[in-house]
Every structure is written in C-alpha cells, then in structure tokens.
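Several structures are given next for inspection.
In what comes next, subunit A is part of two complexes: it sits with subunit B in the first one and with subunit C in the second one.
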Partner chain A sequence: MNSQAVLEFARGPFFYFALLFMLFGLAFRLFSVISLGWSRDRVSPMGSKTKGVVVTFLKAFLIWPFIPWVKNTFNRNPLIYIGGGLFHLSLFVVIILGTPHMLVWKSLIGFGWATLPLPIVDWMSAIGIIAMVILLINRRIHPVLKLISGPAEFFAWLFVFLPMLTGYMMTHHIGGSYEALYARHMITVDVLMIWIPLSRISHFVFYFFSRAIHGQEFGKRGVAV
Partner chain B sequence: MMSTTEKAMEAFVHETGGWVAAQLEACTRCGMCAEACHFYQATGNPEYAPVWKMELLRRAYEQRFTIIGGVKATLGLDKRVTDEDLAHWSDLNYEACTVCNKCSMVCPMGIDIGSLLHGMRAGLAAAEVIPADLAAAVTKQVNEGSPLGMTDTVWDQRLEWVADEWEVEIPRDVKGATTMVVFSSIEVMKFPANVAAIAKILNKAGEKWTVSSKAREIVNFGFYEGSEEHTKLFLNRVLDGAKDLGVKRIVVTECGHAYDALRWHAANWIPEASNFDVIHITGVLGELVGSGRIKIKPGFFDNGGKITFHDACKIQRKGGHIQEPRDILKVLAPNSFTEMTPNREESVCCGGGGGVIAVKAADPVRYASFELKIDQVNAVGAKTVSMTCSNCRLQFTDSVDHFKLDWKVAGLSQMVADALEE
Partner chain C sequence: MPEETIKKNLVDKGVSRRDFLKLSGLLAAAMGMQLPPLQESGLPMSLGTPVRGAQTEHAILHALETKMRLPVIWLEFQDCTGCTEAVSRSVSPSLTNLVLNTLTIEYHETLSAAAGYQVEQAKQEAMKKYAGQYILVVEGSIPLANDGAYCVIGGRTALEHLKEAASGAAAIIAVGNCAAYGGLPKAKPNPTDAKGVWEIITDKPVVNISGCPAIPEATTGTIAHFAIFGTLPELDNLNRPKTFYGKTVHDRCLRRPFYEAGKFALSFDDEGAREGHCLYKLGCKGPTTYNACASIKWDQGLSFPVQSGHPCLGCSEPNFWDGGGFYQGQSAPLDRPTVAAVGAAVGAGAALGIGAALVNQSRKKAKKGGS
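Coming up: the complex of A and B.
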C-alpha cells in the first residue's frame, strides 16, 4: 500500500470508526457511572450548593490558571502545574485555534471560527511537546508518581504524545513525503481517539462531575471553594 | 463464610454509587494531592499520597464495575486485592490520615478525596482490619457508652464535680428544654473546665438548655473507624436522647469528627436526624456574641503575648464555622490576634484527628506532622494557640509536652467564658 492509500484509509473509514468508537465509548462510560445511582443528599445546607458550584468553575477556569502562585498547589508542585498547564493550553490552541484543525471541525459540525497565525500555533505545539517530555521524565523520577504509575499511565502518555509529535513533523516536513507524514499523523490521531474511552484520558468528561461535587460539598457548608 | 478480602470488597462496592465512581474516574493520577497531605510533607513517604491511600477503593471499583478494569485484572495488569493489602492499607489509612480533606483543596480535578478515604475506612472496618487500639475503643463505646470509660456513674460524678468545683449549674434531663448539649468524653474527662465554661456561657445567655443522661457522649468512634453500623448506633443514642427530651436543637461541643457525623452525614443515614437543628458550639458562640446575648470584655486577652487560631478540619474546613472564631478573637484580642499561614479552609491539620491520636503505632508520624504546626505557630511568634476542637487540643497539649514548647493551648469556649461581662 502506498502512502496515498494509507492516508485515504486513515482520514476516511478509520477516522470515522475511531470517532464513533470514542463517542460511543465515552457515552457508555458515562452511562455506566450514572447508572450506579446517586443517593439524594438530605442534609440541610448551611450555604448555597449552587453558588459553590458556580464559583468553583469560575475560579478553575478564570482565576487560578492566571495567578497560580497564590495557591500552595502551585508552590509545592510548580513543575506538574506549569507542565500540565502548558500542555493543556497547547492542546487548546492547536486543536481549536489552529487553522487546519478548525477546518476539520468545520467539516464535522458545519461552522468555523477565527484562528491564530501559524507561527503562534507552531510555537505552542512545540511547547506542548516539550512539556509532555518533561512530565514523562518527572513521572519516572518523582517518588509518588513512580508509585502510582503503571503501564496504563505510560500508554496514555504515548498515545497523546504521538499525534502531537507527528503533527509537528508534518508542519515542518520532517521525515518523509507529505502524504506519508499526513498518514502517520492521522493514524496516531485515530489510535488516540480509540484509546480515550479505554483510559484515564477520559478524565475531561468526569472533571465536570468532580468539580461540581467539590463546589456542592464546600458550598453547602458555606466554605469558600 | 466470606473471606476478609471479600468482606472488604463487598463494602467497597457498597460504598460505590455514581457519586464515588464519577470521582474515581476523574482522577488523572497527577500526584499533586501528595503535597497537600501533612503526613507526606512531614515524612516524604510516597505511600502517604492521598491518591495512593485510596488505591484499594479504586481497584475494587474498576475491577467490579468497569469492563476495562475487569479485563485488566484478568490479564494480570491490575493487582487483585489481598489480605496483605488490606493490612497494609489499614496502616496507611488509620495511622497516616486524619480525613482532614485538605487534599481536596489541592486536587486539580476537585475530587472530594476525604469522602473517598472515608469509603476506604468503611471497607477496612467491614473486614475488621483496623488497629487494635481503635477496635478496643469502639468496643468500649459499644459496651460502656464511651471510648474513654465515661460510664453512667462516671459521667454522673464528673458533672456533679464540675458543677461544684466551678459553681455552675448544669441542667440535666430537662424535658421541654430548647437545646440539648452533648459533651465529648475528652472534655468531661480531660478538659472539664470546658464543660464548666460552656455551662456558664449558656446560663448567662438565658438559654433553655439541658444535658441528657441518655445522650451523654458525642464522640463517635464508629465514624473514626468507618463502620456505618457503629456510627449509626452511636448517633442513635444521641438522637434518642434528644427525642426523649423533646428538644429542637442539638449542640455538639468541641469534637470535630462527631460534628461532621451528626451535622453533615446523619440525615442521610437516619431520617429522623433532620428533625433537629444540629449546630457546633462555635456557631452558638458566634450567635450569642454577635446578637449581644452575651457580652465579652474587649481586649481581655490582649496582654499575654500573641494569640493565633488553629482551624480544625472538621469544624472549620469541613464544618463551615470559619468566621465566628475570628470575630470573637478580634474582640477578645484586637491587638494580639494574628493569623497563621495557611489558615481558614486552607489550614493544615494538627495531625491528631480522624482517630490517629488513639492509635499508638501512629505516634511517630503524628509528632512528625505536628512539626509543621510548630513552624506555623513560631512563624507568627504566638504564645497562645486557640482552637475549637478538643481532639486538636489533645494533640496540641500532648505535643507541646513532647516537644517541650512554652505555648498556652486554649479552648475558645473557655476564653469566652473567662471574658464574660458580669
């Protein structure tokens, strides 16, 4: 099979299969969790749960990322905090604000949006790659991370890292013809999409639950979140 | 017969509703919670990372409820829980965790780790893999009504003595009183002045209050242990006493864990619990001072060096009474009251809560974690540390002794009682 054929497959049937697998897989995971049942909280609150939830999300998205040094979390874990933060920022910039990806979104959902100039996106992707490498090294040497990491953590890292790497190589024409590079990128993306519902990469779905629970628990006690 | 491990697994599974599962699923295993834990900070032992302390709960959930977890366990990629594991995690959870929930403040996913760690205890308690001294205290509370040996007669004599010694009236078993106060045996047996102080304050405020001979112990060792059965048994003793006397509200005195159990959990286990207002004495003090029902002498404690306030995990961060002590201390010591860092909901646990102080084997880590407290108090140069939990106070007085510190350890109720305007 030549690169062209592989590419056709990776951005055609394989892509749609992976996409559906991811969506159904996540829906299934979500359903399994919810179907375990949620008992009603009969405790009379001292403060507002709703306020707690709203405030905790606002803080998580709009405040802490920009003034992290006021939190102990940051001061005691600067590496994980900055590394993790830059990695997520890089993902957001590249996948949402990069022109090629925006066009993929447009073809899937029907509308597009303004994007950032290529050099910025390119730098952000490089930063994301470096952050990932640093996080991996840290995971291998930090005593706590060593203890809590197994094959699952490594594979999750690998399957997120590969699309980032192949995407960067593709933009810079490193390591083969355009078709070959493109095909490689698409295959790693497809594999990632399949891996998401099978691993903890799915945390972004459950994040909304755990953060909301945090807001409720602190809010009902009238304690700042 | 179920094996020990099966019993624990059953209990873990029982603990796991969607609420717990969603949070276990959200964990990214980033390890950031480690740095929040005073036991990890004090010792650097990676096994004290909160995420690791709840490892068995995660395994039980994943292997029982998720396809991937089942497959991984079958292929040997995820370890099954063994009896040795239970014994090991029992040490980690009962010796090096006070269930203070500081880790939840740090987790980027906002996971309520403290609740999940309580779930860990539930499994360990169901399998009866708990430290011998804790088990003995629970048995004592089942049989005698109190883990500290405060039997009917002892309770009776102690209160009699307190009433005499401090010349204060302690109304007993008064039907039709509005408020029932339930002291902890720590106060009755070790800090009796606290009992006298609270009585004096309530009398002064003209509160229609009573103690109950049925509901004489607020401490709940079942909640420390994590056993739902024992927790409910002890909660019911309190609620029955309240029902008999027909009171409207129950005041929990200076015990944090007991307050957490009665105020923030009881209604979910025992529906009648919602018939009563449950409030911590700190809330009552705030109310009485704020409304002017009692008057305290401004600046009464201003001349004895700096005073700082230690936030108790279960009364402040997990209890909600963060502002009241500050409002009161600002009146009592406007010039010498100074905040430690971190404080309020971010404060660091004293290291003695969650039953840890009752477990002898925990002594080394308990003292090690108290060293963090020493640094915080010394950083502001305080000579007096005020607090609202007698369990913290036990840890403070014991550690002050152990480290030969020249601090005064003061219960807030006692400070208020001392400063009452005649």
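Coming up: the complex of A and C.
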C-alpha cells in the first residue's frame, strides 16, 4: 500500500468514522452527565445567575490570562500556568487560524475565515510542541504530579502530541514525501479524535458546562431577602 | 525500417549536422541527464581532462549514431486521445519528430493513414517481426467488466489486445492517467471496472507517464531514453520516471512564495487572484501532485494551469477524480458527513447518554430506598 492510498484512507473513511465516533462519544458523555440533573435553588438568590456565568467567562478569557500573577494558581506553579497557557494558545492559533485547518472547517461547516501567515502559525506550533515537552518533563519530575499521573495522562499527552509533531514535520517536509507525512498526520489526528471522548481531552467541551455551573454559583451572592 | 541507425534515418531526411547536435542536447535536457561531476561542481573544466564523450549531449550523440531505430506500437483503449494530441503538438518539434517519425511507430490508431483490416494486419506483422524488441505504448484504461465488452476493437476486447501486444514487448509505457491508474473511466462508480496497465500486466516493466494529458516531453523523453540507452529511466514507487515526477507541482510553483506568506486568492475574481496569489484555498492539489508542469510547462514553456490562474487538479496521481472536490481545499477530508449522519451520531450518543443517566438515577434511588 503506497502513501497515497494510506492518505486516501486516512482522509476518507477513517476520518469519517473518527469524526462520527467523536461526536457520538461526546454526546453520550455530555448527556449522561447533564441528565443526572443538578440541585435546584431552595430560595431565590440575591444576584443574577446569568450575570455570574457571563462574568466568569469574561474573567477567564479576557482578564486572568493578562494579569496571571494575581492568581494563586499562577504564583504556586508558574511553569504549568505558562506552559499550559501557551500550549492552549498554540492549539487555538494552529487549529483555527492556520490555513489548511481552516479549510477543513470550511469543508465541514460550509464557511471559512481569514487566516494567519504560515510563519506565525509555524512558530506558534513550535511553541506548542516545546511547551508540551516541558510539561511532560515537569510531570515526570514533579513529586505531586508524579503521584497522580497514570497511563491515562501519558496516553492523553501522546495522542495530542503526535498530531502536533507530525503536522510540524509535514509543514517542514521532514521525514519523507509530502503525502507520507500528510498520511501520518491524518492518522494521528484520526486516532486523537477517537481518543477524545474516551479520555479527559473531552474537557474542551465539558469545560464550558462546568465553568457555567460554577459561574452561576458565583453569581448567586447569597440569599434574597 | 528499424534496421538502420537513428542518425542515418535523420541524415536521409536532410537533418543537418548542426540540427543533429542540437537534438542531442535537447534530448539530454529532456531526460534530465546529469552533468559529469566536475562540470556540476562549477570548477573550471581545465582542472580535469576534457573528454569529448564525457558531456551528456555527446553520450546521446554517440547513441543516436550507433543505435538501431526503435519500433513502437501504440494502443488506445478507454481514452480521449488527449495524450496523442499532446504529443503531436509537443513544444519540442524535433523531439516529437524523433518519436513519431524516426523511431518507427508501427501502429497507432489515430495517426495511421491506413484503417480497418489492413492496419490490424500490419500490427500483427510488426509484433511478429519485432517480438521482444518493440516498445508498447498504451493510452486509455482497460475495462474488465462484462468480459471487457465496453471496449472492443476489431471484434476483440481491449484486454485481449493488451495481453497480446504486451507478451512481445520489451517494455510498456502507459501514457496518461487512464492507462497508468484508470483515470476518468475508473472514477466512482467505475461502471466498466476500468484498470490501469500495471494492474493487469505484471510480468513486464511498465512505466507510468501519468497526467491528463501526460506532458508530451515526459512521453517522448521516456521513449527516447529507451531508444538511446536500451533501459528504462529510474522510477518512483508509482512507476513514474523520477526525472519528470520527482518533485511536486507545489515544490516548483511560481506562486509558492505567496503560500509561504499566507497570501491566497479566495475566489477566481478577487484581488488575490488578480495579484497572482496562491491558489491553495481554491483547491490546488499541487502539494501532493508529482509532475513537471511547473518546470517544463506547456506550449513551448509558455504557461501551466496554476500560472494561468487555475488550481492544480492533481491529474498525475491515482484516483484524482475521486480525491476530493477540485475546488475543495487540499487539507479537507474526502468525505463530508451529511447532516443526517451527524444528527444520527449525536442523537444516538445523546439517547444512550440519557438512558445511562436514568439507569444510574434509578440505581441510586433503589440503593437509597434499600439502605
């Protein structure tokens, strides 16, 4: 089987299956949690829960990332905060603002958007890859992280790292013909998509729900009298 | 009459010594022949002993002077004759002339003056006379469905013609994507069960000169290579000569700097298109297409599709008709799930999720009630 045939499989039926499996799995996990329900207010809260949700998201995206030093999460372990932050920023830039990835979105949802020049996306992906390596080393040497890290954590790291690495290699034509590199990238992406609902990487969906729940709790501000 | 040398045939036709030398140089260039190491290094030639035969065109010259003319049999099956058209209008008249006139095309349906039984008989005679020596050029795919009934010539199927001609061939050159990988006839749902030559003939060397049409210089250059050296050029994993198919269209594209700079045409009539920006977002398949379009170009090196404003369709790659939309981004998945398929997946996941939650709740209640 030549690289072209592998690529056709990875871009065709395998991607198709992986995408539907991911959507199925995420829907299953999300609804199995949401359907359990949550506690209702026994008395009317003083503040607005909706406002609480809005404020918590605004703080999370527009305030704390720019003044991280006011938070204990940053001060107690700046490496994880900066490394993790850069890694997530890198993912966002590459997956949303990289031209080839935008075209994937366009083909799936029907519309596209302006993208960043290749060198910027390229540097961001390199930063993301370096951040992941540093975070892995930290996980292996940090006394507490070492204790709470099991196979699930390392698999999650690996399945996210491989698409990033193969994508970078593909952009720079390192390690084979373009279609061989492309095939490798697509296979790792397909595997990641299958792994997402089976693992904690699904937090990119759950995060918004849990943050909303916390936000409305913050918004209550006691009991109305 | 293949018994005479190529040079003698040319001289008889009135080709001058000067034109003969030019042709030798052209052939060396067309076949991508490497210069001797000293010349390639850029060092002054006085450092080495200038050997007349060491120069590539002299190697060609010597071969043309001594080699016998090469008989060629050209078969056409499920094709559009586009590759023949391309060769007959090649940018290198002397190269085309060499292949069409000098190398002795013994049989070619489109170019033969004769027709019907006479020409079929001439083919039979040629195959007998030059058994084991001739080059078989195939244009068009071979249908296997319904016992090959979809392509019958002179009462015999394409498969029979191919097997018969291939048995006595020294080598086979499949010209065009159809003959190489099935091409358009093989596109889904492939009603005729079309196949490329190398899927059928496995006991002979098969060179694929893919493309739609194949670049004429690649066709004639490969035939000339065999005529002159008696061997086939170095091939890639899809049996294409590396000389012509060693680099992608993207590698040699004149719009490549715009790709690197992130400057793309977003439609065929926007500012980017007018400025000559990269056509990647309009579905250009250049990055995965191995062909010499961007370097040899077409019409005497005038232009090629990407230069004239159209994205590469990837016509030298297998299954290019089914390789995603022509105007869909190269990175896009080949199959886009329908809304119904996505809805079914999400719906099934949601239903099972709610079911799991209800089971958990009832278990919890039962536990509470029981304790």
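In the analysis below, the second predicted complex is superposed on the first by the 219 of 225 C-alpha atoms of A that agree within 3 Å, B and C clash if a C-alpha of one lies under 4 Å from a C-alpha of the other, contacts with A are read in each partner's own complex, and residues count from 1 in each chain.
By definition in this document, contacts are C-beta pairs under 8 Å (C-beta built on N, C-alpha and C of every residue); 3 or more make two chains touch, one makes a residue touch a chain.
This is a predicted model, so every value here is computed, not measured.
A.B. asks: Using the superposition on subunit A, decide if subunit B and subunit C clash or fit.
C.D. replies: Subunit B and subunit C fit side by side in the superposed model.
A.B. asks: Using the superposition on chain A described above, determine whether A:107 touches subunit B (first), subunit C (second), both, or neither.
C.D. replies: The second partner, subunit C, only.
A.B. asks: Check the residue A:35 against both partner chains and state whether it touches subunit B (first), subunit C (second), both, or neither.
C.D. replies: both
A.B. asks: What is the contact status of A:221 with respect to subunit B (first) and subunit C (second): first, second, both, or neither?
C.D. replies: first
A.B. asks: Answer with first, second, both or neither: which of subunit B and subunit C does A:115 touch in the superposed model?
C.D. replies: A:115: touches subunit C, not subunit B.
A.B. asks: Applying the document's definition of touch, where does A:12 land relative to subunit B and subunit C: first, second, both, or neither?
C.D. replies: After superposition on chain A, A:12 lies in contact with subunit C alone.
A.B. asks: Could you tell me if A:24 is touching subunit B, subunit C, both of them or neither one (first, second, both, neither)?
C.D. replies: After superposing on A, A:24 lies in contact with subunit C but is clear of subunit B.
A.B. asks: Contact-wise, after the overlay, does A:178 reach subunit B, subunit C, both or neither (first, second, both, neither)?
C.D. replies: After superposing on A, A:178 lies in contact with subunit C but is clear of subunit B.
A.B. asks: Once the two complexes are aligned on their shared chain, state how close subunit B comes to subunit C by Cα atoms, in whole Å.
C.D. replies: In this superposition, no C-alpha atom of subunit B lies closer than 5 Å to one of subunit C.
A.B. asks: Of the residues on subunit A, which ones does subunit B touch that subunit C also touches?
C.D. replies: On subunit A, the residues that contact subunit B in one structure and subunit C in the other are 29, 32-37.
A.B. asks: Once bound in the complex, which stretches of subunit A touch subunit B?
C.D. replies: Touch residues, subunit A against subunit B: 29, 32-39, 41-44, 46-47, 56, 60, 71-73, 76-77, 80-81, 84, 142-153, 198-200, 202-203, 205-207, 209-211, 213-215, 217-218, 221-224.
A.B. asks: Give the list of subunit C residues in touch with subunit A in this complex.
C.D. replies: 237-238, 248, 250, 259-264, 280-281, 287-288, 317-319, 323-324, 328-337, 341-342, 345-354, 356-358, 360-361
A.B. asks: Which of the residues in subunit A come into contact with subunit C in the complex?
C.D. replies: That would be residues 2-5, 7-8, 11-13, 15-16, 19-21, 23-37, 99-101, 103-104, 106-108, 112, 115-120, 178-179, 182 of subunit A.
A.B. asks: Okay, in this complex, where on subunit B does subunit A touch?
C.D. replies: So the residues of subunit B in touch with subunit A come to 16-19, 21-23, 25-32, 34-36, 40, 44, 46-47, 49, 51-52, 55, 65-66, 68, 72, 77-78, 104-112, 115, 263-268, 271, 274, 316-320, 322, 342, 344-346.
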